[in-house]
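Order as written gives the chain letters A, B, C and D; numbering starts at 1 within each chain.
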Amino acid sequence: MSIIALGIIIAVKVVVILVIILGIGAYLTLVERKVAAHIQRRPGPMVVGWHGLLQPLADGIKLLTKEDILPSSANPILYNLAIVMALVPATLVFAVVPFGPEVHVFGYDIKPILTDVNIGIILAFAFGSLAVYGVALSGWASNSKYALIGALRKAGIIISYEVVITFAALGPIMLAKSLSTYDIVMAQIHQKVWYIFLQPISFVVFVFALLAETGRVPFDIQEAEAELVTGFTVEYGGMKFGLFPLVEWYVEVLSLSSILAVLYLGGWSPLNIPFIGFVDPFFFLGAWSGFIWFIIKVSILFLLVLWLHWTLPRYRIDQITTVAWKVMLPLALFNILISAFIAPLLRG
Amino acid sequence: MIKKVFEKPLNFLETIFFLDFIKGMSVTIKQAFTKTITTHYPYEKLTAPKRFRGFFGHKTVNGLEPQPAFDEWAERMKVEPQPSKSRCVVCYLCKKACPVPDLFEIDGKKLENGKKVVSVFNMNLMLCTFCGLCVDACPVDCLFQSDIQETASFSRKDAILNLEKLELIGKVWQDRREQEPDRIWIDDEAREKLWRENKLNLRKVDNA
Amino acid sequence: MQATEKTLNEIKAKIPYVDVKKEKLTSVVYVQKELLFNVLKAIKEDFGFKLFIDHSVVDTLEADNRFEAFYILYNVDTKERILVKTKTEHALPSVEKLWFAAKWAERECYDMFGINYEGHEHLVRAFMWDTYSHYPLRKDFPLGGYETVELPSLNESTFGDNLSGTMNYKRTHTYVPTLKDLEYTERNRIKKKAQVVLNWGPLHPGTHGTMWFLFDLEGERIVQTDVILGQLHRGVEKLAEHEPYQQFLVYTDRMDYISGLCSNQAWTVTVERLLGIEDMVPLKAKYIRTMMSELQRINSHLLWLGTYALDLGALTIFLYAFKEREKIMDIIEGITGARLTISYTRIGGVRMDLPQGALDVIESFVKFFPKELKDWEKILSRNRIWVKRNKEVGVLTKEDIYFYGLTGAVARGSGVFYDIRKLEPYDAYSMVDFDVPLGENGDCYDRYLVRVEEMRQSIRIIEQCLQKLKTMSPNEPFMAESGDPKKLKLTLDGIGLKVPAGEVYSSGENPRGELGFYINSKGGLKPYRVKIRPGSFYNLCVYPHLMENRYIADAVTVLASLDPVVGEVDR
Amino acid sequence: MAYIGLLSLLVVMLGLSVVLISLNWLLGPKKKESYKTYPYECGVPLYDDTAQTTFHQGYYILGLLLLLFDIEVAYLFPWAVVYSLLGVFGFLEVFLFLLILTFGLVYAWRKGALDWQFDLESL
């Protein structure tokens, strides 16, 4: 493979990820607003475009043309650095997400994954936990008490759920015998089983950890609008304000849902009947059906997150940490024990 | 007489299978696939009920005045009724009944035949509480409250109703809504649509 | 019910140096101010008048002993109410040791009358800022205030279109606090003990209005709290002294603006009791009032439920509750003509009869609503997060209820049977059948359950009223006819309604607690002094106590479960 | 070599975030008003001028435990990958390892370290 071809492939992949972040991320705001609206018996945005289809665009323009305000007592460098720290690591997670199986385009075999390395999962968790710095910095830099409390709460959540999410992920890794995201999916395809069937406890724990890491209800205490107005974003305006929810509520949910799909739902593999095989209604698409399955799985997970978000009340900070350390962590440890018994039974 | 309230705590099975969450989520998903109940203001508007207490108006003399009260009061206050002009008899009862009397500015002028006619009737609605006590006080069914509710304006001047504006509102009202029956709502179809889930069926208008 | 002759005599026998007097509408114990504390203590502890209702002062303008103070106490077991009165020049002993609620009432009297309370722990103004130098409720304070600062009207400066005469809007304004005044006030109210003092409110979504809380924080822990009231203070009591009885009705709408009809009803019933015409009110009017105020109660509780859930993060319930609330609003709009500031009742009846179709609409609402309520309970009541957030939070014991003068659903949540509709029925409440829900633990969860159950009981009441109203013909009167128009003029507009001299304390069961009106009338068109006993004000006074050593997140839970409305707190 | 993609994404994202941050400054209006940059605290004067002070948090010990468990998990990742090759010995070894750490967790639990440190006294 020539250098040029490699460069083009990488460029295409980067562009795809950028589209996911900015385009899909922005349009997910519309999806969320529509889902929330219909759950609440409203139609949601209806004015800008057909059924509000241009609403994210209008929101974007509005946010971009706001005045740039720096609070008088804020620290300007940290204040802006916080946004970078929030945005960049969250998007880097996508680098290790395999969007589909290997495909054959223009004579090249291309894996639709930006960095297929043998420590993919570890990278994902590492970048995922870096996101807390953005929040913590923004809280400290804006020098507002509400922002500070919100940021410290977010740190509290991360402290609790960082351990839980990694312990939960150990189970599928033991079964797949690999840390590469691509290989984990391949292992599930070879073993003809999605790990959700073997690891239900770990799956539930992972879903809650996902909600916690992304600050979704019932763990949205860092911006709890009734107590902290909007927590750490309280001093931000315009696009700077817009980026935080974009990153937290959409980009991170998407990336962690992708990881979840990879770990438990067999990534791009079609519908699974445990230990018997896969059923693929999209067989006529060949290798490309994998992409559709991946999109379906991630969207279902995203809708589930929304559904939970618009149904449940939120926890209190001490209850969150207590649940994490006293319920989730022992469950995750127990799950490792179970996996230790299951793993040798599976074919390599 | 006394009812103790309590709620059972979750049992073990309900806890591990998240039955409490599932129950709540079943309600929200059910609602998500039910029709929306919104009215798309300002593209859609409901008709205010006849009793709505909005901006004020003066009903005009059109032969439908409450009799004999109107003639008696016109006699008593020495007021000459002018056709298609305000019915006001300058009795000041509205001002007397008002919790904020300052908002009224009423005056009459003498005609050549020695009788009076209302010349100034200003209402400063910046001060108004829209309680309707002045309407109750009006003995000749002149002052009334219309269904005008979109009253925001860029100048405080628009919040002051003078005699011309009041008469105009009154005339429009008399043409448009005066003859309606005293019903809770007038726009039955729109309301029944809004109350779809209640299966509301309003009885047909009784014009008796 | 007022204390009986027997109780008064027992008090006289036990405490010989007081005078007791049984008047037509009140039972009064007169006492010298030096003995006030001991007498109140004896009445509280020996005679069981444990519940603090209200305390305030009447400015009599007499040369010596200008102020007449009164304390209203209630005995929940024997259902008796008593007034304790004393006279003073400018100072009174503080009774905050007996009732914490008195502490706030005393602050209000200090603020409004300049009474000095000896032994008060922290005597600061209640509503005005601390650098304010007048006492607004004194009789010599003019209604319009002292005109010191003139604010330029926006229109004048922009368009230059002022009008002449009484229509002009160039109005002089009284002194408004500057940032410096506010800063002095906030530093005077709370002395920092912990790490950071956080301003929580007045412009904050969690305070349900413009309440200003100061939280002294040690991390997430609230070490001490204070409330700075008065953001919405409009001097309703002062206005009442300058309005005819009927016209004051308009201001009751604007106190507890969520439940205007209930406040209307409470005021009307009070004036009717003072006039002695409670029995003359037609049955139809009574049923209409009862039904409408129960609708309003559901309306108010829906707002509470919605905002409560919203505060705890369940936004969807908020929209569901508002969906139903909108229906009630539409009903009320169709019947009375207004959605929020209703002014529907009249002294002697109601403003208008029910329109055609009203009963059908209400019936269809009543049929559907319980189903909807059940759905919401499915989402909330047994949800583990909801239970965790509410159980063991903001616990109030029975003794707390009496000590802090709490009423309404807050009192019932702690298992105190205190419901004016049962204890002292007004309008048609004695003729309908309903249960009073009582909680056991007195935490936020119990208060939640009590209020939800109250909505169901309200539906029951409305159903009974509907049955009754259906049998009544449209020709039946809805206003009382005065036997002798010269003596007593009962009209819809209330012009010329003269009220005999006397005093009365009467209350209604508002959704937010007991709304009481103390009217001191010297005869004539206008009351001499009106003291409003707002349920929200006293329910809020327990808040600093409940917030001690709690999380910030509990602040919203507890505040929403006490459910104060600023319009009523500040008046 | 595999990391080139990651690196290029990092560079692109850094550039993009700088652009997004400065767009408001470029496109937005610029009007100076005296209280516009006043820190938000519900529209009233600040009691404490700065929020950058000591602020007690209840999860200090949890933070220490996080370090501990994160290191533990780092040890477990390689084990998880090759677990099937190690056989019974590998299982027993890590089982013992986890057991000790679980005892550590239980100890911390019994000592109340997993609870939110609400008061200074409980520290």
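In this section, contacts are C-beta pairs under 8 Å (C-beta built on N, C-alpha and C of every residue); 3 or more make two chains touch, one makes a residue touch a chain.
None of these values were measured; they are calculated from a predicted model.
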Any chain that touches chain D and chain C: A
Winner on C-beta contact pairs when B-C is weighed against A-C: B-C
Per-chain Cα centre nearest the global Cα centre, belonging to chain: C
Between chain B and chain C, centroid-to-centroid distance (C-alpha), Å: 27
Distance from chain C to chain A - Cα centre to Cα centre, in angstrom: 49
Approximate Å spacing (C-alpha centroids) for the pair chain B, chain D: 58
Chain centre separation (chain A, chain D; CA means) in Å: 16
Multi-partner residues of chain C (each touching 2 or more other chains): 196, 198, 204, 217, 220, 316, 320, 323, 379-380, 383
Junction residues of chain A - those touching two or more other chains: 39-42, 145-146, 149, 229, 310-312, 317-318
Residues within chain D bordering two or more other chains: 41, 48, 51, 55, 57-58, 118
Overall pattern in which the protein chains touch one another (line/ring/star/complete/other): other
Touching pairs - complete list by chain label: A-B, A-C, A-D, B-C, C-D
Chain C-facing residues of chain A, complex: 36, 39-42, 145-146, 149, 153, 217-218, 220-221, 224-229, 310-319
List of chain B residues in touch with chain C within their complex: 1-10, 14-15, 20-21, 23-24, 26-28, 31, 37, 48-53, 93, 96-99, 102, 105, 122, 124, 126, 129-134, 136-137, 145, 155-157, 160, 181-185, 191, 194-195, 197-203, 206
Interfacial residue positions of chain C with respect to chain D in the complex: 179, 182-183, 186-187, 190, 192, 195-204, 212, 214, 217-221, 549
In the complex, chain A residues that touch chain D: 6, 10-11, 13-14, 17-18, 63-74, 80, 83-84, 87-88, 91-92, 94-95, 114-117, 122-123, 140, 142-149, 152, 155-156, 159-160, 162-163, 166-167, 170, 173-174, 177-179, 229, 234-235, 237-240, 243, 317-318, 321-322, 325-326, 329-330, 333, 336-337, 340, 343-344, 348
Residue ranges of chain A touching chain B (in the complex, touch as defined): 35, 37-43, 46, 307-308, 310-312
